[in-house]
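Quick one: this structure, given as structure tokens, is what I'll be asking you about.
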């Protein structure tokens, strides 16, 4: 019998990350895909993921507006609560055989609780990793609410098992974001100029036939007050390095306003004259832009995951990716602008671009679909510890 | 500097369980108690805990109505969501230095998330235990959201550590409910007749100067459809045993309606003629009634915890307490009415009443207050696993 | 083109009232019925309207749990808010061409606001009447939010016009509840014993082949604290009159707990020994029970509306129906138990049962469907006043 | 006895409008001010009213985050619902003797319903006016929920009476926004350069010692899709008129995104080179900027109210202010950019600046406080119509 798989997408990067899994679920004869788009994935100013999703040919079954404005810690909690309340109705309506929650954004726990409390088997993607901010708490709480775990890397697999989950419910599938990276790499050599020409953005034009770098910086929630200071340090470093730069806008999160403000002020003061800003890019386009770049700067997980597979150099700033497995492409630096600028300079002239397959081999999507079609879905569970 | 400790009470049994800790917090020179009463603790039909709390002399700082009517799985999730949204405002308003969430009822995760997402140190009471229903998921998710863990028994201590929490953040305090048990035991020999005379209840009068038994049965969430059938089997067993019986009403939970219906129907059909029903009793009174009884029947945790300390025999039915540490006072049985009835008969004539201190020695409250006054409260954490 | 008509049912009596309109909408070639069942209409303890709706052959498109437990004024407001938030999603999903809100229960304004704010034409049923409690405020606010008004009686028609609504948007259709009354009257002489035999209820059996009376009493919200006192006075009057009595349970409303308590206490004290209690009855059955009775006592609108058409005598207590048009069947009394008892006695021996068609002629349902199929639905409006 | 007056401020312009009333309430010996700041009044991107409120020396008793992101019709409804749910808790906590709701923004009905349903006397400011968009429905619904009405002008007074409200509950106080206008006018001649120098804004510097105009344009909700087109026409007109221009940013409302987009695109295309943008200005500063200008263009109510008192010329565009009383300072135009540009040119050279006191004489604040201190506050009401 066909299993109805309900996936809740709450942000643009989450969608990018699971897109190939969605395709594999949709195309699997024993699975039926139900797609719920919620939270910042509905909002233009966070990349309007829903439009990308629909233009990619997916049917959206339900939408749930749930982000309470304010971009602070109070509204993070409130948004999660309202989302939970409404996702319950959605699940009651769609009656899925399982629900998939993705990774560790704060609002993902709304999906997890709604499913768990309604006795719907919960599948958690990308558990078992470590980072160290509020994501850390959300991610492991998701693991404890979930019945089936699809993990991306060896260390995650081990951690989920240590967390007391049954070994037969943990599957090392790799990360579906790497599937896209594989597609990007296998595609014909990209015309980067044509790609960036399709996106408006803000700021001066950048000649991407010449070397350039990419910046992607997210606010770090538990260092909320410092998000503006960190953004300013990064801006200074980018100014000092003085490279042609494509800067991608952060997602909704408590503190993102600090980053936005720092950028706005910098631009008003005539800084960042070699930087073009984008709010959004289709995942494949973004990957091609990365492949064509000298490297990525910031604190995005893309630097550790896709870029490891692709061999794109990365300057990883600060604590946001702390504890995550990383390949040879990553150089870690602190928040100081001098350190960041120096790392950018070194990255600029790298000749070696070694690839590491720690987050997957590029076939995670179909592996995930296969697990979902066959895994035992009982919802009773207990800690595996014994002594 | 005084630390503001915000405790969220969401149900009558939770209050009973932590009452001595609340007293110790209130009376501690370095602590200030903030009391939030929410969910079923506000509702008359679940025991009106708020009235007990106020009559015990506590000041209630905020109330949060959050239970959505329906008593099903959908409304459990919705209630949790609305509670979370509003607790965020409460914490924003009260600005506590730490928040305490208690045990594992479904709505307790609302407290946990609101605190964790607002960067308020979260203290979890009674983590690390195992049971096997939805409580299991909620409890361990609470652990993963919490920064400080106050556990009741050795095995819980060990499990929280295995879950990757830092050893220096886990404190074995014992359960404050045992403090009350100690008080009940140390009190003058109780006049049970006078006690029960203070509560109206429903059903025929029971002469408690003669032997009697106590029943306390909660619905088991993940066996939602079966809650009525289980209640009916228990009713049959109580009928067959034919003892004078004091039956205490279940709390709000998905499925409690099944239990209520079974009881209503049974009474309409003239059953349970030797059973008197109570919705609520002050904790100390309830403990004295237990001490004076031949034993307790049902699936309440009281049977394992307080009754171990008190040496009150217990017939524990089904899976709800599965995996929890138990003393020599407990006999486990399945859901069959014959088995239950037979166990009641055996309990009726027990001469030995051994006591076990596995859930505490009766001084947990003051120990908890001391930990709260002195513990490191940083909110950054990562899994302790290393290899 | 077919018009999608979304009707939101929030309570058992609202459903009964519009049932024939729902049938007419469903059967109209130019209309498509969308049915949303919400609030107390989903709850067993308020009559489980949803089961009746489904057993009547209607398809329910969405359900919205929205009642926050507590049955007080705070939770009335909260329930309305949560309902509004979720109905917005429902309308966004169903994309109706118009939304119908019914009468004046507190939660009906949630439907009105969701529709009005989403630019969906709002049709209000049963506006323009006057009563004098919180219903009064809700009803006229509904009128001000609505674009089309379907009213039940001449005076209501006049009042909606005086409220500044455009005359061409106000339609005197009569009340569809009268359609049912017509059907009940036109049916073969009913076997009342067979009817009541189909409902369990609580209390002693009543021989309905002999004369009996019906009681239906709702709490009056703005006299919240007095609802228990009023219920007690009515109980005393029923005791004093000492007639065989069928008592129908009130709906969810702030204060209903007072009524419930009064009844429970009365029964525990051995009162009301000739009274049988029902929580719910299918509308047609209830009407036949009314037709077969000596009259109805209480404060229900049924006494004024259906009973006017049917010629069933009514003792109307207190202020709840204040200002509403009434026929010759109604005797108004205050809250005193002596007055009520005396009025019951007089009603008991009435020989004349005059009928009045002030609330409709029994063909409102099809008239409503016709209006919905043809009315102008523009949503721009302004007060009609000019000077 | 002191009356506790709870005022709910949900937007920057609402605050500006009632500021002098807040002062008069705070300073009145028989009144105690309770201030709740909610909705867009908490959000930086809509002017951060809360900071202005606090810097004006008011104590904020509660804050309520309630705006759901999305800026569309669905989220308007959802925001209102969540606000209502939480305001109920706030009122339950603050226990005011009356609640004040202001004017007609969509979210103001949340305040009205919470108060009305909790039996707290509701005072409505600025009812009885006519405009013609969704505000129209909200405003009159607020009137029907309110117990006391404080109106700004003769025609409003008359309309509230025609709406069936009791004459003795309607008070013509004038609009407190005019009090500020009086203060601005009575102040020493303002140094406009110094004023605008205190606000950053975006865009080229404007020399305000030379003639300039002011633009303030809000999206019109029921013409949601057209908000961008209307903004573009206005931009073209401003371009064509080619005057030094100070443009004030719109508030949160479904559709405001359309306006924002039009402005962003225009600026990216090098338009509006003589326009400086402000998100916010302290009310008194804004009024002085108006006094110093050649006139105001847009659809703000400021143009009709304060500017009538001040004699500042106004070009009022489109339907948003339709039906509102206006003085000799206002010229109405349609949405065409040519018409708007022509009207701006005519305004630029006006020599006469007649003043009209239709919205008040500048002493509304103290009059309002006096009414609140003395008015009958009973909450029972019925339509006044009789025939």
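In order of appearance the chains are A, B, C and D, and numbering begins at 1 in each one.
Going forward, a residue touches a chain if its C-beta (ideal position, glycine included) is under 8 Å from a C-beta of that chain, and two chains touch if they have at least 3 such contacts.
This structure is a prediction, so every number in the text was calculated from the model and none was measured.
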{"item": "Chain pair with more C-beta contacts, A-D versus C-D", "value": "C-D"}
{"item": "Chain located farthest away, centre of subunit B as origin (C-alpha)", "value": "D"}
{"item": "Between subunit D and subunit A, distance of the C-alpha-averaged centres to the nearest whole Å", "value": "41"}
{"item": "For subunit A paired with subunit C, centre-to-centre distance based on mean C-alpha positions, whole Å", "value": "52"}
{"item": "Of all residues in subunit B, the ones touching two or more other chains", "value": "65, 74-75, 78, 82, 85-86, 89, 92"}
{"item": "Touching residues on subunit A, where the partner in the complex is subunit D", "value": "40, 42-44, 65-70, 74-75, 78, 82, 200, 202, 252, 257, 268"}
{"item": "Subunit D-facing residues of subunit B, complex", "value": "62-65, 82, 85-86, 89, 92-93"}
{"item": "In the complex with subunit D, residue positions of subunit C that touch it", "value": "68, 73-78, 80-89, 91-92, 106, 109-110, 112-114, 116-119, 130, 132-134, 136-137, 140-141, 143-145, 158-159, 162-164, 221-222, 224, 322-323, 379-383, 385, 387"}
